[in-house]
Every structure is written in C-alpha cells, then in structure tokens.
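What follows is one structure encoded as structure tokens, with my remarks underneath.
Per-chain residue numbering starts at 1, and chain names A, B, C, D, E and F are given in the order in which the chains are listed.
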Amino acid sequence: MGVHTYFKSLSDLEHLYRLPGKFKFQSHTVAAHSFKVTKIAQFLGTVEEMNGETVNWRSLYEKSLNHDYAELFTGDIKTPVKYATVELKELFSQVEEQMARKFIEAEFPEEFHEAYFNRFKEGKDSSLEGRLLSVADKVDLLYEAYGEILKRNPDPLFFEIYEEALTTILKFQELHSVKYFIDQVMPDMLAEKFMPHSELRDLTERIINRCE
Amino acid sequence: MGVHTYFKSLSDLEHLYRLPGKFKFQSHTVAAHSFKVTKIAQFLGTVEEMNGETVNWRSLYEKSLNHDYAELFTGDIKTPVKYATVELKELFSQVEEQMARKFIEAEFPEEFHEAYFNRFKEGKDSSLEGRLLSVADKVDLLYEAYGEILKRNPDPLFFEIYEEALTTILKFQELHSVKYFIDQVMPDMLAEKFMPHSELRDLTERIINRCE
Amino acid sequence: MGVHTYFKSLSDLEHLYRLPGKFKFQSHTVAAHSFKVTKIAQFLGTVEEMNGETVNWRSLYEKSLNHDYAELFTGDIKTPVKYATVELKELFSQVEEQMARKFIEAEFPEEFHEAYFNRFKEGKDSSLEGRLLSVADKVDLLYEAYGEILKRNPDPLFFEIYEEALTTILKFQELHSVKYFIDQVMPDMLAEKFMPHSELRDLTERIINRCE
Amino acid sequence: MGVHTYFKSLSDLEHLYRLPGKFKFQSHTVAAHSFKVTKIAQFLGTVEEMNGETVNWRSLYEKSLNHDYAELFTGDIKTPVKYATVELKELFSQVEEQMARKFIEAEFPEEFHEAYFNRFKEGKDSSLEGRLLSVADKVDLLYEAYGEILKRNPDPLFFEIYEEALTTILKFQELHSVKYFIDQVMPDMLAEKFMPHSELRDLTERIINRCE
Amino acid sequence: MGVHTYFKSLSDLEHLYRLPGKFKFQSHTVAAHSFKVTKIAQFLGTVEEMNGETVNWRSLYEKSLNHDYAELFTGDIKTPVKYATVELKELFSQVEEQMARKFIEAEFPEEFHEAYFNRFKEGKDSSLEGRLLSVADKVDLLYEAYGEILKRNPDPLFFEIYEEALTTILKFQELHSVKYFIDQVMPDMLAEKFMPHSELRDLTERIINRCE
Amino acid sequence: MGVHTYFKSLSDLEHLYRLPGKFKFQSHTVAAHSFKVTKIAQFLGTVEEMNGETVNWRSLYEKSLNHDYAELFTGDIKTPVKYATVELKELFSQVEEQMARKFIEAEFPEEFHEAYFNRFKEGKDSSLEGRLLSVADKVDLLYEAYGEILKRNPDPLFFEIYEEALTTILKFQELHSVKYFIDQVMPDMLAEKFMPHSELRDLTERIINRCE
C-alpha cells in the first residue's frame, strides 16, 4: 500500500529485540540500536575529518541508519546460524536482498526504487564510510555487552561478545577514529568502578557527622 | 558443562518470543507455546484413542515437548525466509540438525546421545503421533491469532496466520481429532462474542433497578 | 462452552506468575514452569530407565504437564498460608479438587470426564512417576532460586528456597536419578563462576596485544 | 529486623498484581490500588461531611491505606476460593490475622504492637468509615473493570466484575456518598464515548480544508 | 466531565514512572510512591505521638496522599531543571498551581473547590505535618536508591540520591521520628548483607550432609 | 569522564518514554522516535531533491538525529507546561541550552566543542532542513497517535494529538514533501481498514469449503 506501509514498518523495528533467547538486564531494540550506531558513526566521522580525512556524510548517515532494516524481513537470526557454512551465508545474503527488493518494488513508486535499492544494500563495504559503519556497529555491541557485565550478568556470553566486538574493531586500527576510541574512550570505560555496597556505611556516617 | 547446561538452557526458551517484530497485545514465549502444544496434543490423542486408534503416548509427548527446542540455536527465523527457496530450506534443516547434534555431543554424556538425538529430531513425520503434533502446533498458532483478532489487533497479518493455520489443520481431515476440532470446538470459538460497550448502560440500569 | 474454553484457559497460565509479591530479576509463569518440569521429568525418567527401572511414560508425562493446572482456579497461594494449619491444608485440597471437578463437568463432554479427573488429580503420589514429579518440580524451583542468587538478588528468600528445594530432593535419595542429579549435575552448577568485572581490563589488554 | 523490614515490605506490594491469571490491557498493583482506594475514600468522606455526617478522618485513612496489606502474607487468593465454604473463609481469616500478628510481633518493637494490630485488622466494619472503605474498594474495582471494557477486553469476566462491584456499592445506598456516586459520577462514566475510527477520515478532511 | 474525570485521572499516576531516563532494576510509579510515603508518614506520626507531640492526622494524611498529584499536569521534570534558576523555580511553582486550579475548576462542582484547592497545594510547610511529609518523601526516596545499590546498580547516581535524601532528612533532626529513624531503623538497613554466591557451595554441602 | 560518558548516555534515551502518564497500547522511547524521525526526514528530503530542491543532507541528518537529545537533561516535560507562559517558554529554552552546553564542556575534549554545540542546538529553524525536521517530527507523532486510534485506545487525547500534528504539518504546505505526504501517503493511511471480528466466521467457512 505504498509509502504508508514503509512508514508503518519503521515501528516494527521497535518490536524486534536484539539477542533473543538470552536473559539480559537491559533489552535493546533494533530501532534503538540503529539510532545509537548512527550517533556513534557521527562521532567517528568527526574524528576522521579532524584528522584530515574527507567524509561523505550523506553516505555515512545512509549506511548507518539503514544497516539493519532488512532484519524486518528475516528476523534476528543468530550469527552462528547465518555463518554456519559458506553456502548458507551466501544463500542467506541473496534471500535478504531479494526480500528487500521485493518490498521496495511492492511499496515504493518507481521513482524511488533506485534510491531505496541503494539504501537497503549491505553498507559495510571497503569505503571509509563502510568501514566506519563496521566499527560503529561493533562499538554499540561492545557497549551492550559492557552494560551487562557491569550489571553483573553471570552469563559468560557477554564476555564473548565483548571480545568478539573489540577484536573486530581492532581490525580497523588504521582508522584515526579507532585509534581515538582505543586510546581515549576505552580507558575511561575500564576505569569506571562503582562504590561497593560496603561503602554505604562509611558514606552514611560521613553524612551524619557532617550534619551534626 | 554437561546436563547442568541443558537444564539451564530450558530457561532460555522463556526469553524467545514468537513472531518477533510485530505489535501484539499478548506475547507468547517458545516455552509457553511448547507447553500448550503438548496439552493440545494430549487432548487430540485422547480423541483418537476414544475412536479406536492406538496412540504411542511416549512418542506423542516426546515429539510435542521438544518440537521447538532447536529454535534455541537458530532463533525464530521468519517462515518466509526459511522457505524462500527449496535450497535454503534444505540447508537450514541441515544446519539446525547439526547444531542440535553438536550441542548434544558437547553437553550430554555419551549414554544419553541416542535418546536426545531422537528427541531433537524433526518430529512432524507421517506417523499418527507426527501428524497429531502437526495439528497441535497449528491449533495453538490458530489460538494465538484468534486472541489478537478478538482483541482487535488491526494488523491483517493475524487473519493471514489464522487462515494459514486452519488450512494446514484441514490437510489432516482424515484424523478423528481434526474432525472433532472442526465440528465441536470451532463452532464455540466462532460463537463467542463479547458484550459491546454500549450495553454497559443497560447493564447498569438493570443492576440499579434490581437493587432498589 | 466446552473444549474451546479449556483450550483458551491454557493461555491463562501464561499470565500466572510464580512467587508473586517479591522482586525477581527474572519472572517465571506457571506455563513455562510446567514445560520445564516436564522436560526435567523426561530426563529423570531416562536415567531411571538406564538403571533398569520401568517407567510408565504416559503417566509421567501426564502428571508433569498437569501438575499446576489447578492454580488456574486458586491463584498462587503462598505456601506458608496453604500449610498454616493441618485443617486448612486439608480444606484447601478439597476446594482445589472440587473446583477442578466443577470445571471439568462444566466444560468437557461426558466422555472426557474420567480422563480429565485423573489428569487434574494431585500427581505426587508414591509411584515412581509420582516421586519423579516431586523431584522435577523441586529441581525447577532450585534452578529458579539459583538464577536469582547468581544474578545477586539480595533477598535472602532465594537462599531459603534453594535450601528447601534441595532438602526435598534429598528426601528421594533412593532414586537413581536423584543420585545422578546430586553427583553429576550439581557439581557443575556449583563450579560455575563468572569473570569478575575486574578481569575486563586484563581481557581488554590481551585482546589489544594480540591484535597488534 | 525491625521497622526497616516493615519499610522494605511496602515495596513488595508493588510486585503483587491484582487479578492474576487473566489477560488485562492494564495491570494494577496492590500498592497502586491502595493509593487509589484511599483517594476515593477521601472524596466519599468529603461528601458525607458536606451532608452533615461526622467523619473520623484518622480512622478512614487508616482503614483505607492498610486494607490490603495482609495480601503480602497470603498472596492474592482468588475470591471464589476464599469463599468456597464458610469453614474455609473462617479459617482463612484466622490465618491471615495470625500471620499479620506474627509479623508485627517479629518486626515491631513492643510499643508499636497495639497500634499496628489495629491497623492490620479487617477494616470493613459497620462504622461509617468501615462502610466508606467497602464502597471505595469497590469503586476502584469498578474502574478497573470499566477500563478493560472501554479498551474492548473480550473477556466477559470484566462485565461480571463490573456487575459484582456495582451491586455491592448499591448495598450501601443509605450513604450520601453512594447516592452522589450513582447520581453524579456514573452518568458521566456511561456517557463517555470515543470517536470511532471511521471519523478519522472526516476529521482529516476538516483539518485539511481549514488549513487551506 | 466532573468527578468521573478525577477518578479516572488517579490511574494516570500508575503510568508516571519516577526517575525517567535512567536504567533501574526496579521501577516505581508515582501512585506507588504516594502510597508508600503515606504509610511512612503514618509511622513517623505514630512516633511523634508516642513522644507527646500532637499530630493532626487528617492533615498529615491529606498532605501525604496528594503531595505528587500535580505531576499529572507537569510530568516528572528533572530536579536540576526545576531548580536551575530562582526565577524558573518561581515560575514553575506558579504554573503548577495554576494548572491544578484550572483542573479543579473544570472538573469539580463548586462545593468541592475549596477542599481540593487545599489538598493540591504544596504540603511541605513548616507545620509538624508538613515537616513529616518532607521526611517521609525522602525516606521513600532513600529506600528507592538503597534498593538499586543493594541490587548493584553500577550507576553512581543512586549513591548521589542516597546522599541527598539522607542529608535532607537530617535537616529535620529536631523531630523525634527522625531521631528514631537514624538511631533505630538505619542501623538495620546498614547491617543487612546477603550471602555471597560463594557460600552456595558450603550451604549445599551442609544440606547434603544433614540429609544423609 | 569524556566521550565514554557521551556514548553511555545514548542508552539513557532508551529509558525515556514519550507521553508519560497516559495509558498507551504501544510505548515509544526517545531513542526509537529519533530513529524514525531521521528515516522520515530522509524520505522527505528525497522527495524535495526529486523536485529540484537542493538538500544539505549532512545538516538534515544532524538535525534529525539530535533533535531530542536535550530531553536527557530535562525529561519529557508536558507541552502545555512548557508553553504555559511566554516567559516560562523563554526561560526553559535558556535552561535547556545551558544544560547541553555544560554537558558538552564537561564531557567532550575542547576540539569537539563547536561541532557539538551546533549539533545540540534547536534544529527547527527556517532553513529547508529545519522545516523538514519540523515536518518529520510531526509525521512520527501523527503515526504514534494513529497507531493508538487504530488499536481503539478510548482516550480522546490521541485524536487531539492527531489533529495537532496534522495541523502543524499543514503549516508547511509549500514543501513538495508535505504535498506528497498529504496527497500520496495519507489516503493510504485513511483507506486502511481491518476485517471486523464478524468476518471471522465467513473466512472460516470459506477455508473449510475450499479444503473439502
């Protein structure tokens, strides 16, 4: 039924939860993830620009915003399944692309086809913008895992995800923004600690003494 | 880490929601669905037995209880994706089976391997029990769709699911229990209506008059 | 309104939460609990069979699946209330049974009455299957408490539940499957530990060094 | 552990949901219900006072605030169970009172015992304040049922609750505040209607025409 | 539409969450908060009375019950915003009061105006009851923060809230009930500890040994 | 603590719910809203470009992504409060800007200050991109209200929001994309209807007949 269907479908991404089938203290939807990835890509692009690189901002934003839209058609298939065999991965990408194409042809008037074919294509190519998307996607995943670890989720899965995300980010070490992230942002993340429960008594005594 | 890992994994099915990416008034987990399918299969088996058929109850319960366990490894992949091409469907089944096999070999001591290979196998075969599972699975899906329609979910998807579920059930019309379901259960489902809001005023007046 | 009402009532068990009135990190419904108890009973029965016992599988599955259905009529009354006095416990069991009987008579055609009277009866008798249900019910409760302790729920209640569940399981020490659970499963549960937050820094450094 | 335990227990009422085991669009906790009942009792008391009655405000507030605190010990037992037999009802009341008494003796220093025995006693006696509590409790229940009916909950249960609540309120017709509720408040409730979806088109056209 | 609108609005407070925009393990609504503050005020008033003070109970209950009702009109604006400048704070109070007044004039018949103007006025004045409300409001906030700290919420915000709440409570040290809270209640709060996960193994061994 | 704090704050927007204090069938977070507004702005910009306008894409994306970030500091203050008096509105804008500025100065290294001052500034200016943001923001609000109306939320508020949103969109009728939205998208929205529950019986009969 046209662009109306497309606009309505945006809300479906608010009902798609990342990492289904696992206990998490904090759940994240694909809509929120897409928002955060785009904001992180914006920051990474800013660092690149400050270091003399030319960023195609329109491309960076388009790639980031749309990078998980196809999950609407496929669901959030667990990564080990997606990549179980080379054949499967290949077939899978084809199916994902076909379904996106079919959706665009069904819902968008013809004059929009090309623009949206491009927007729904896999964005993680070797361009600067494609690499920044790859990094931004993993930075948000790293933060999701970090959030669970900090809240003391006992599932070792989150350490594995943290490790996988960081390892992928480090594959792009040639980027100024990755250097910045490793050198300037991560130390703050790791330095963070929270007051143990045992300090509550001291804090309380200090407040009481101060007020007397 | 052995059977402990298997026992813990049962709880993961409480975090796997059916039909992700769609607004529903009422969500259903794979754990709850498995419970309901087994209870429905129990009823269908009872009808078969009352009509002189021999039911292998152990097999019927095993098939029903375990029929969606593999979703733990694959996530809830949207059906249109799973069946997009014959090749993909084939590959998917293989991957699903491999992952279940790998899990069993990793977690269960050897003496349990055979029992659990059989339990995690696709149960919807042509045996009476396999067919009863096929029907029970769709009866619960029908009720899920019906629940949304009754609550006035505006998404036409639920009419499509209702139609697909009923059509599949009717493919097993030769079963006594399917005849029973169509002839005895569905009329009650369709007869159900709820008092419209407009009757509230009448009801109120009747109560007030009665109490005066 | 017949079997349709029974099928619909299955979904009510998805709205009945265990242990109401207490903060939990992870909630469990009666539907999901029934599913897990039946899966655990399946495993326990398998161990018995491997040790030469004869298991009546149909009975074991029926008992497990249905063991909490009556909570639909009574709600999840807190155990200390249920057992406050011998008289109350006795009266309570009577009421529960009467309500189940009334439901069956109201909703099921007569030919199903006997089958469902049996299914809704208290299943925890002294038969092998009755004892396996008693154990399976407490194993799932143990896992529920363990899950909260692992996530660091500060309420001492979960230690009490853990203790009560384990104590009850140990009353059935004569069962092969209880021996198996204590000797083979529990050590893995107790050996489980999660990387403390402080290891995050080390892990990070190792990853960075490895990638450079 | 004293009054600290009492203060902490208040938060448990935020985890106790009313009408468990039923699909509702909107859930209500015992904490929120207690708040609303007290606010409604406040209004009813105001009407009584304006009509020349003497209201013991301290008593009215104490009764309202505390009227469901004992559910903390017993859970929210379904009414048909509670009242299944006269004997059971009697025993239940005794158990509830014993548990409240035991809690007070365990947690409160002795100088508070009498005050809290009185506060946790059944408040629905024949005093003006006791009757106002009976009415306020049912007015909130009526609003809960009405909210579901308005949102088109298809479960006929909510019509039954509405009917039961209104019938009970009408048993107190001799109260000025009940007369006020029936004559002045209920007509507004019943007059409420919402624009049907079909008017959306008209509204849209009117807005567009107005803006052109 | 009159008092009906007022009664319905009470339920809106069940949809207003405190401290929006922050991860919490346990959320609290304004309705539940109002309930708990009133119960705490009740206890504090009891302590005052036992120490020879005269408590105007009607006033204490009215102030407590209604103290956050105006948030219905304004939302839960973050405190640093509210108090950013003296001017803003001043304007803000005026707007809040105007909106409450407008609501009362629109919904309540004239004979109720005065009573409700008084009820919706800021209750934290210098009377005994006003001071008891100030304390009760902060005691509940203290418990909210304490609950997060105990569950190991890593956000330092909850230590800040704990500190701010306790500091405010101590400003009312002249009150008997504040002395009681500091001397009798807080030590129990601070003494509370939960068994570390590591004790699970010991506990298990003790239970097993005891049962053998 | 630097950019790490900024990255973490993005997740806070996942905990900020729009339209607090009202019953909604479907809740929306500020994070998801920001995502959808940016996607809608992308579409509107595409229409402008196809009609010969020059779109500054970088600016359009920056404005859309960041337009509600300041709610992190202020909460979601109800619009009638924000705009109660001209003075208040003025003061509010100042406070909002000051708080964003303070955050940037505290968390970002100096080289990023200018970029982020611009990003967190009010984006709804008279530039093409500013106007497209104004429209996109209201289109998403329109869809939020429409979603509630379609699900039959009885609160007339959603009709009022629908009206307000559409009226604001129409203030930008000179834009090609607004014309497109009114002429091409809205008719599909209004034509949407869902099969009434009563058609379920017909559908069922048709399926049964077809399968026989």
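In the analysis below, contacts are C-beta pairs under 8 Å (C-beta built on N, C-alpha and C of every residue); 3 or more make two chains touch, one makes a residue touch a chain.
These numbers come from a predicted model, not from an experiment.
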Touch-network distance, subunit B to subunit E, counted in steps: 2
Contacts common to subunit C and subunit E (chain labels): A, D
A-C or A-F - the one linked by more C-beta pairs in contact: A-F
Identity of the chain that, by mean CA position, is farthest from subunit D: A
Interface composition of copies subunit E and subunit F: same or different, split at half: same
Over-half contact-pair match to C-E, picked out of the listed pairs E-F, A-C or B-C: A-C
Interchain centroid distance [CA atoms averaged], subunit A/subunit B, Å: 33
Distance between chain centroids, defined by C-alpha means - subunit D, subunit F (Å): 38
Approximate Å spacing (C-alpha centroids) for the pair subunit D, subunit E: 21
Per-residue multi-chain contacts in subunit C, two or more chains: 11, 13, 23, 25-26, 147, 150, 152, 186, 192
All pairs of touching chains, each written as two labels joined by a dash: A-B, A-C, A-E, A-F, B-C, B-D, B-F, C-D, C-E, D-E, D-F, E-F
Residue ranges of subunit B touching subunit C (in the complex, touch as defined): 1-8, 10-11, 13-14, 26, 28-29, 31-32, 34-36, 38-40, 42-43, 46, 50, 57-58, 61-62, 65-66, 109, 111-112, 115, 119, 139, 143, 147, 184-186, 188-189, 191-192
Footprint of subunit F on subunit B - complex, ascending: 23, 25, 146, 149-150, 152-156, 159, 162-163, 166-167, 170-171, 173, 182, 186, 190, 193
In the complex with subunit E, residue positions of subunit F that touch it: 11-13, 15-17, 20-23, 71-78, 80-81, 84-85, 87-88, 91-92, 95-96, 98-99
Residue numbers on subunit B that touch subunit D, as the complex places them: 25-26, 147, 150-152, 192, 194-195, 197, 200-201, 203-204, 207-208, 211-212
